[in-house]
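The same chain A turns up in both complexes below, where it pairs with chain B and then with chain C.
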Partner chain A sequence: MTLLRIEDLNIDYVTLRGRLRAVKSASLTLGGGEWLSIVGESGSGKSTLAMSIPGLLLPPGRITSGRIIFRGKDLTSMSGEELRRIRGSEIGVVFQDPLTSLDPLRTIGDQMAEAIMEHRSASSKREALEMASAALESVGIPGDRVKYYPHQLSGGQRQRVMIAMAVMLKPKLLIADEPTTALDVIVQANIMRLLKSLQQRMGMSVMLITHDIALAAEVSDRIAVMYAAEIVEEGPIDQVIENPLHPYTEALIKSTPDLWREKTLYTIPGNPPDLRSPPRGCRFHPRCHKAFEPCKAKEPRPTRLRGRTVACHLYG
Partner chain B sequence: MALLEVEDLKKYFIQGDLVDRLLRRVRTVKAVDGVTFKLGKGETLALVGESGSGKTTTGKLVLRLLEPTGGRIVFDGVDITRMKEGELRKLRPRMQMIYQDPYASLNPRMEVGRAIAEPLVVHGRASWSEARREALEMLERVGLTPAKDFYRRRPIQLSGGQRQRVVIARAMILKPNLLVADEPVSMIDVSMRTSILKLLLDFKKEYNMSMIMITHDLAVARLVAERVAVMYLGKIVEMGPTEDILHNPSHPYTEALIAAAPTIVPRARKPRLRIKGEIADPSRIPSGCRFHPRCPYSDSSKCIEKEPQLRGDSRIVACHYPLTR
Partner chain C sequence: MAGLARYLLIRALLIIPTVLILYTLVFVIMRVIPGDPVQAALGTRYIPPEQLELLRERHGLNDPLYVQYFKYLAGVVRFDFGESLVIEGRRIADDIKERFPATLELTIASFIVSVGIGLATGILAAVKRGSKLDTTMRVYSIVAYTLFIPWLGSMLIMVFSLWLGLLPTHGRLDPRISLDHKTGLYVLDSILAQNWVALKDALAHLILPSLTLGIVLSGAYTRLVRANLSDALVSDFVRAYRARGVSERRILLHALRNSLIPVVTMMGLQMAILLGGAVLTETTFSWPGMGSYLLEKVEARDYTAVQGVVVFFSFMVGLISLVVDAIYALIDPRIRY
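After this line comes the complex of A and B, so read on.
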């Protein structure tokens, strides 16, 4: 069953320095209960793509064309009010830095209760606070911590609070944008395990944004690889990891330091392009060791191949 | 001979004002609580451990950027533990630090080329025009080309990776003997980390520089360090050659760090050990083995009552029941 279908989505930022296409012709589907991770280098458009779904694009970001079908409805044609209602109740969002999304002057219980009341999921403040404390318990924080202020919690605990807030109204989809990037490895592993168990327990779909393909590999069902605003490869995680089709995916895997592989100092040559003036043809061709003539001239189209999608001239 | 010798190093932060003192509610934060190690010339030691384990404090102490509470620091044969700032000034160019916070380390209003050139002038090594020429060479060297163009940029006009190259260039222009690199790649894309680390390795080889690499990521430690010291709550709990530690951890905490490192290898035979909870507050260090409340193997009163001492030679570990191979 498809929960989310993104069709040929284009997103632009128009600034004084010109127009920049941060997401180009992106198409994706996400099944109910499925975990899809979006990986790629900094600036490749991961956050822009993910945040456009619940209507959280920062100005001057704008969807210029395409559709985002969530549970049968096109989110791109919804009003701000309708989207606000969907956020929290049907789509939960977790950001990288919990401190910027929590109000330092109010207790976390207060903030959670307010979000619950907003969606009319509780009849009184007291009931809302009880729900908040149960939500904290579900992420491994003692329920009485509703009385705490954000600064009284560690970074890992604050991220757990954010997760509790994102899932307390039982959304169908959780979008987590680099939820562990600011945390150390042990806290990261615990948070990832929490997300995985919540996904399984609640039957929720997850979209994880990360630049760490190893992190994605351990938890995902599917993975989409972005390069310079485009999805260059998409497919079941095991297949993509074991047999990457796109040379960029291959390079990304090879360049990731990993304790469990032979030590290598491999790096992808060159730098990602400026999205204001991306290279002609395939955007990866200047850095690709398999590039041949057509790559410089023609943009590769996404091709279906054994349950996967890849955009590369090597595959016709 | 070792370039750096650190013995029983301690840093206690006293928290509380006069009133707290009168009411006897001052807290003593034991950020570093007895750290001993040696660092050879041209050697890299990785300091690994969770957030709050005392890595940054240790790094700042050995460079005398913080006043130690106790212990001894010997740099190139000279005891610098209580050395006055005036004398330290002469040594400063030989010891450099790359700071954890990438935003704090560069002045947002200064051209990055000038930021790289500045230490040469400040330490009286060159005039501005000479320094400028050397900074241009350095920009070239760290891959920021065309150098003339990059020289004039401000930090905000650089990507995270480029900014870190500038920070490295600034630290390297004085050709230091010792570099403390505090999480130099944690804010950078995983796929770009190796290129930054490679740059550090190149400088290390060229200057025969010794390096302390602070990181919570063992995969980073593995790429650059001959030896690893695992820190927990202000103490080194295990230390030894990197590959050896990674293949045969002796301390349960080391095993937990290894288990927490994500891997792309399907069905990797990595240890399953998971530890719960969070690192304790360093003003209330647990009795006995400071790791015992989180240790899945601790069930004896020994762990609760008696502090394990570091034992061993090239491989050392502080645990009453070290893991057997």
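After this line comes the complex of A and C, so read on.
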């Protein structure tokens, strides 16, 4: 059962310095209960793609074309009010920095109860607070912490609170944008374990944004690799890690110590392109050791190959 | 709330040294000013030396300095600021009791005007950032900020009093109206006395001065609110509120609260300055407050009066900073814990 289908999505940031296409012709599907991770270097457009789904693009970001079909309805053509009702109830979001994502002036219980009452207009403040404290318990935080202010909690606890807030209304989809990047290593592992167990318990789908392909390999069902605003490869996680089709995916794996057990780690030469003036042809060709003539001239089109998708001239 | 009470107590105790330092400063400055105060107050009039000596004795100016320092301080804590050098037998505390309510009333009214206009324009500008409305508000803030009070006051008098004949030109109350001055705040007094004619007249007198002062002071709020609120509106926690489906109206309230601390700081500063007397406004509208009082007394070289007003003012500053601290703590839990 498909929960989410993104079709040929284009997203631009139009600034005084010019137009920047941060997501180009992206297509993806995500099944119910499935975990999809999106990996790629910094600036490749991962957050932009993910945040466009619940309508949380930062200005001046705008979807210029394409569709986002969530549970049969196109989110890109919904009104702001319709989207608002979906956010928090059917789609939950966890952000990178738990230190700045909570309102420092209000107790976490107030912040949780407010969201609950927005979506369940029938419930009283007391019921909402009870729900909030149950949600806290479900992420391993004592329920009486609803009375706490954000500054009274540690970074890891705050991220648990953010997760509790994102899942408290049992969403069908959880989007987590680098949820562990701001935390220290041990806390990172705990948070990932928590997310995995919540996904299994609640049967929700997860879209995880990360630049850590080794982390993605541990928890995901599927993986999508982004390079310079494009999805260059997508497929089941085991197949992609074992047998990467796109040279960029291969390079990413070979430069990750946890995945590449050889003595010499690979480093990708050069830098990712400026999205205001991306290279002609395949965007990866200036850094690709398998590049040949057509790569410089023609953009590769995504090709389906044994349940996977890859955009590379090596594959027709 | 125990945390809040403790915090306020500490703040209150900290204010004592502040006020003492201010008092000492005033005391020292008044003494180092060259010339004999009694002689200065009398100006060019000739007074026999024996009588001068009598006056000095009477005002305690012949005591050693430290005795003067503590004697005066002891008076101040009992709200006694000594006797006028110019008008024999006139207590400065009585002058302050008479003049301060006028200043307080004008301060409260213009504070409401400036904060009201400042918040409204600042919020509009921040919410519609980058639009024509935003530009309009920014221009307003600069214009308001640079307006000269006597000029704006005269303009308003010209339009509303002389031309339209709607509002009085000066003073606080029509002398034909009798009103029992319980608090000295005429608006409050007339409500207490249920004297609606007086209320209407007191309000009518209050409108132009408070509008003049309020408009000029509002420009700074517009800028401050706009800058802080538009930062708050793009902050991570606002995005997180949005991600939970909280309505934009509620998000605006939360963002506003988060941008309020610097605004409260400025409110405190303005309040302090206003309570010292808005000299230009008071002279433009013949408003009998502390500003015009201080001006009169400086001109008359009434040394004890000037000293009394300044010391009184430093106590007000201490009081306001305590109130500001309390508001900080109410807004921000990180301060009260």
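The rule is simple: the second predicted complex is superposed on the first by the 308 of 316 C-alpha atoms of A that agree within 3 Å, B and C clash if a C-alpha of one lies under 4 Å from a C-alpha of the other, contacts with A are read in each partner's own complex, and residues count from 1 in each chain.
Here is the rule we use: a residue touches a chain if its C-beta (ideal position, glycine included) is under 8 Å from a C-beta of that chain, and two chains touch if they have at least 3 such contacts.
What you see is a predicted model; the values in this text were computed from it and never measured.
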Fit or clash - chain C, chain B, common chain A: fit
First, second, both or neither for A:249, with chain B first and chain C second: neither
Per-residue contact with chain A, leading partner among chain C and chain B: B
Partner chain in contact with A:199 - chain B first, chain C second, else both or neither: neither
Contacts of A:37 with chain B and chain C, given as first, second, both or neither: neither
First (chain B), second (chain C), both or neither touched by A:47: neither
Nearest-approach distance, in Å, of chain C Cα atoms to those of chain B in the combined model: 10
Residues of chain A contacting chain B in one complex and chain C in the other: none
Chain B residues touching chain A - in the complex, by the definition given at the top: 50-51, 159-161, 188-195, 197-198, 201, 216-220, 222-223, 246, 256-266, 268-270, 274-276, 278
Footprint of chain A on chain C - complex, ascending: 234-237, 239-247, 250, 254, 257-258, 331-334, 337
Contact set on chain A toward chain C in their complex: 54, 56, 58-59, 84-89, 92-93, 95, 97, 100-107, 111, 114-115, 118-119, 149, 151-152, 162, 165-166
Chain B-facing residues of chain A, complex: 41-43, 154-157, 183-190, 192-193, 211-215, 217-218, 238, 241-242, 251-253, 255-261, 263-268
